[in-house]
Amino acid sequence: MPNAEYFATTELREALRLLAERGDQITVLAGGTDLAPKFNCRELQPGALLYIGKLGLNYIIAKNGGLAIGAATTLEDLATSRLVLERAPVLAQAAAEMGNPAIRNVATIGGNLVTASRAADMPPPLLALDAELILVSERGERVIPIGEFFKRAHKTVRLSDELLTEIRIPSVKGQTAFVRHGRRKIFSCCVASAAVRVVLDGGKCADARIVAGSMAPTPVRCLGAEGVLKGKNLTSDLAGEAAAQAVGECKPIDDERASAWYRRRVIKVLIERAINQASGL
Amino acid sequence: MPRNEGTTARPARHEIRKPESAVNVQTETAYKYIGKPTPRYDGIAQVTGTNAYVDDIRLPGMLTVKVLRAPVLKANLLNVDVSGAARVRGVAAVISAKDVPGGYYGMYGDQPVLADREIRYKGQVIAAVAAVDQDAALEAVEQIKLDLEELPAVLDPEEAMKPDTPKVRPEGNIWSFDGGPFRKVRLGDVDRGFAEADHIVEGTYTTPMQEQSPMETSCSVAMVESGDQLVIRSLSQSPYLHLRQLSNVLKLPMNKMRLVGGNTGGAFGGRFEIHTDHVAGLLALKTRKPVKWRWTREEETLYSTHRGRWKFYFKDGVKKDGRIVARYVRTLHDTGAYTGMGPYCVEKNAMMVAGPFNIPNIAIDGYCVFTNRTPSGAMRGFGVMAGQVCEEIQMHRMAEILGMDPWEIRFVNAWREGDMTATGKVVDNVGAIECMQAVAKLAGIDLPERLKAMSSREKRG
Amino acid sequence: MKYVLSFTVNGQPMETLAEPTTSLLDVLRDKLEVTSPKRGCESGDCGACTVLVNGKAVPSCLTVALTVAGSEITTVEGLVQDGQLHPLQRAFYEHGATQCGFCTCGMLMAAKALLDRNPSPTRDEIVLGMSGNLCRCGGYVQVMEAIEDVAGRKYEVKAADTRGGK
Amino acid sequence: MKKRGVGIAVYCHPTGAKGGGDPSQAMMRLKLDGTLDLLVGSVDLGQGSNTVLRQIAAETLGVPLENITVTNHDTDTGPLCMGTGASRVTFMDGNAVIAAAEDLKRQIREWSTERFEVAADDLEVADNKVSVKGNPQAFMSFAEVGNEMNWKGSFPVGKGSYCPPAQTFDQETGRMTQIAAIAYAACVAEVEVDTGTGVVEVKKLAQAYEIGTGINPLLIKAQIDGGTMQGLGFTLAEDLGPNYPSLKFAPSNFLDYLIPNTADVPEMTYTTVSLPSRGEGPFGAKGFAEMCSFPPIAAIIGAIHDAVGIWIYDYPATPERVLRALEAAGTPAA
């Protein structure tokens, strides 16, 4: 029988106190798009829910040339924010391509990160942008580079007394692209995605980020593929070479949406297209 | 569709299309109502949300149903212990096979309401609980104890047809048509036809299991009214066939039952089989209270009947000029663990699998095979659709092999008035050629004058 | 544990009790007998339960009821004003945009949210705006034509009657 | 790389159950004020059968549409219907409704002979009244007829039934000639194949249907639009057994079992074809609802072949199947 408690404080301090006292029994609720289906079929019956939608964590502000985004910011706000469109267009695009309009009105960026699904859409662009995540607890604040946040599927470094409050995107150089493949043109779960950032110096690639989504338990930053690009003249052929290198860095699985065989082929194409798109080839 | 980053420019607005302009339907001016775009009879109720679907019905004291489903594909069911479930607070009744007074349901009457002694597919319903709410019902279902002896299952129909494969049902894995293993159709002499042919074109095709996916999941509300009449609010798309099946299962005469419905959130064939009426009815009779059983989307997707899977082998004998002179089709239909509508589908398939084409020599062997899958059923065009789709792809391939235009081969063979179907029906009011001509025009394809001049009304000389 | 939930449904202040894990959909349907939002999947994948929360379309099955405390909820029951059909309702009726009708109420709310924000959407914007609402009868073309028609008639919530029908 | 291709297909589909023997009944009751109840046994599943049967009843009886209430699907009061499926309701129920309306007309004419002192054959029922042929001044409105017949001892209920003869397959030859009206369709599909992802996008569909007389263009369009979308799902995405015969990865929800949405709607045009003669359906209508999901399927598969030269033999033609076929044909993903 369900007998959960419900907390919907407006005070961050109060929320952190609750987490410090009994974080291991508390399920943090933001948009609820991942949790509610589990409640509906009784797969998940939490002892207590802490709703963070009233903590004032729904914000997008310009900071140090980059962005600070509250963890409870909805995907719709991300997708339509002029600031995000200007400073992190790949993030806006990834948010716009996720779910459907109604889901984007409730789903949050923080929820997408903390749920840490293999198919999550927010991590790849954030990795490409060198984002940092702010975890706050009564013990203080931790700043975690997003690359260190995910431990495995559905598991992050967040401790039970911590709350993800903010996503920081530094001012980064370069041009970006995000290419996603789902099984339906609009509104489908991600099968594979590629987020790319290239910093061009003349025709040469000075720096690069190549991230593959849904290709392993956690998003994959393809360092080898980045190495292929760095210091070289960016051409379509080189993009193809880097994409081929990236495939070897992924560990895709078979699941309901696609086979590992298919994912390996399609990620190569997506990464190649993303590099070409980012570098205007 | 990715949004346009950082731009507010909007593409030009589409021209607004009026509802009547998009489809050019032949209408008769002589009629007052026939051929007129009359809005739906229940349209206002639908757009105001006032038409009640079964799940919208709430009655005082109504109980909720949850069921225990088979955890394995095939097993001997040695014992079902519901005593723990009956003790859960809020539970009004728990039923298992021994509580079913009558026989079997299904178009061919072979499916038990609750699994009795054996399990034939994963998800088969074994026991059902009616309780005051969903949580009590789910808790009770968890308390039901099963004693199972798991057995090897068969999933592949080709495998199922082999003699030493475990039997899905005691009568064997192949349905018997008139005492034979397949529905036999013979027109003319295919062997002679193949001998006359310039080319032999073979092809093997498979079509998937498709779920009807009605937006409304299976749902029944059952109650006993006027003292002794069982009333079921049903989604059935065949209430009278179901009344007969329910009469057999519940051992009630037809005047002691009443199916009420007429407002169904989609069916597409999926409501040709009883999914919830029988169990809800049994529980209403047992508890004398209103009972609602609504399936979750997961139950609907995994355990409702669906369009069964098909495999087709085509062998066509064709002349250089495109005339098909012989066609052999071996069809294999995976009907799942119970008969469902399998044999019906196989026979209807045999009627139409040769397509709208005049072929003088045809042989069809239609097999209906049992496997330990969720039973298949009806879905839009059941029997006909899968076969004709593969037949059309075979036509396309044949044209390619002959180096012929895919239009040409169809025009050459298309039925004319007085031609014959595979099963010997002489066709009239034929429109295959006319449809091809019309669609070519619509698509802006300029057919050769010869094809444009053809008519189904010119009998084959 | 049950908590008091106070909010407004179609302009009426409501107060009811809800468990922390109960969805807005279940509260509307089971407690308040507002049945136009339908249970199609209970996992946000079909859109049949779409309602407006403070003017924004949300899947009510994915919305934990207690989180909408103090909010204004609008469902199809709230579209008819003074016995007059909303222009979208009228257009859906006239264009034959309903078949079995199970998805219709969710479609109407998604369409209303779309037009409230963007009174003259392009076809592509309508495609996007309605992409979360599945219809197995498949009548998307008529739905989109109905929305275009309303947009073309300069979208406003008045001037319609309930003619026709039963 | 994206490549375009065009394909065609042609289909035929019979009306009604395999081998006939599928009855439908209808009842029409004239009420005290001249309005009518139409009782049928078929179910309106969304296809609009109540709307269509009401049109047929109003046309046959010559009464305003809004004077008819349709009641269906109550096994205590409703007549028999074999089932709402097999594209049979417009045809079978429609014929039963015509028979019921004709029966009611006959009863009204016979009852009216005394009143007008003419033979039943000299009376006609039309325009919501019964009148003497050639003397339009001599008439009684349906309201008067309904009031008088019911109060003066008659029970004006028209009954009608329709059932094609039942036939079984010949054991040796499979001969089966009981096939009610056959409807036809043809389709031209244009697709775009992404050779990198294997994704097939249907860009355009043109379809032509021969369905006899169309009873309601609005509902015909709904059937064609909707059936087409189900056909698209069947062709490209829907599969309950993606690892057939294994049960692994069987989809259980709308996240994994993908049915088409608005974004999958191609540019669609239709036309209907008219033949010089019509069959036995009501006003010459044929059943066609099921067939609407067939036409795009083989046309799309043919169009994929036209675009990239591969044949897909197992359906749906998922991106993975397309990529595998391309790879087998020596075209690596790009």
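Chains here go by letter, A, B, C and D, matching the order in which they are written, and residues are numbered from 1 within each.
Quick note on the criterion: a residue touches a chain if its C-beta (ideal position, glycine included) is under 8 Å from a C-beta of that chain, and two chains touch if they have at least 3 such contacts.
Not measured: the values here are computed from a predicted model.
Of the two interfaces, B-D and C-D, the higher number of touching C-beta pairs belongs to B-D.
Computed centre separation for the pair subunit B/subunit D is 16 angstrom, with centres defined by C-alpha atoms. Distance between chain centres (mean CA atoms), subunit A to subunit C: 30 Å. Annotation: 48 Å between the Cα-based centres of subunit A and subunit D. In subunit C, the positions touching at least two other chains are 40-43, 45-46, 95-96, 98-101, 127-128, 131-137, 141-142, 166.
The set of subunit D residues that touch two or more partner chains comprises 45-46, 48, 218-219, 221, 227, 230, 251, 253-255, 259-263, 268. For subunit A, residues touching at least two other chains, in rising order: 2, 41, 185-187. Chain-to-chain contact here is organised exhaustively, every possible pair of chains being in touch. Taken together, the subunit C residues at the contact with subunit A in this complex read 1, 3, 19-23, 26, 42-44, 47, 50, 53, 56-59, 61-64, 66-67, 69, 110, 113-114, 127-129, 131-133. Subunit D contributes residues 6-14, 18-19, 41, 43-46, 48, 50-51, 54-56, 58-59, 65, 70-76, 78, 80-85, 169, 171-179, 181-188, 204, 206-210, 212-221, 224, 227, 230, 233-234, 238-241, 244-247, 250-254, 257, 259, 263, 268-279, 283, 286, 289-291, 293-294, 297-299, 301-302, 305, 311, 313-316 to its touches with subunit B in the complex. Those residues of subunit A lying in contact with subunit D across their complex are 181, 183-189, 254-259, 261-262, 265-266, 268-270, 273.
Residues 1-2, 41-42, 79, 82, 85-86, 89, 92-93, 96-97, 185-186 of subunit A are the ones touching subunit B in the complex. By the touch criterion given at the top, residues 1, 10-14, 16-17, 19, 22, 37, 39-49, 51-53, 55-56, 58, 212-217, 264-268, 294, 296-297 of subunit B touch subunit C in their complex.
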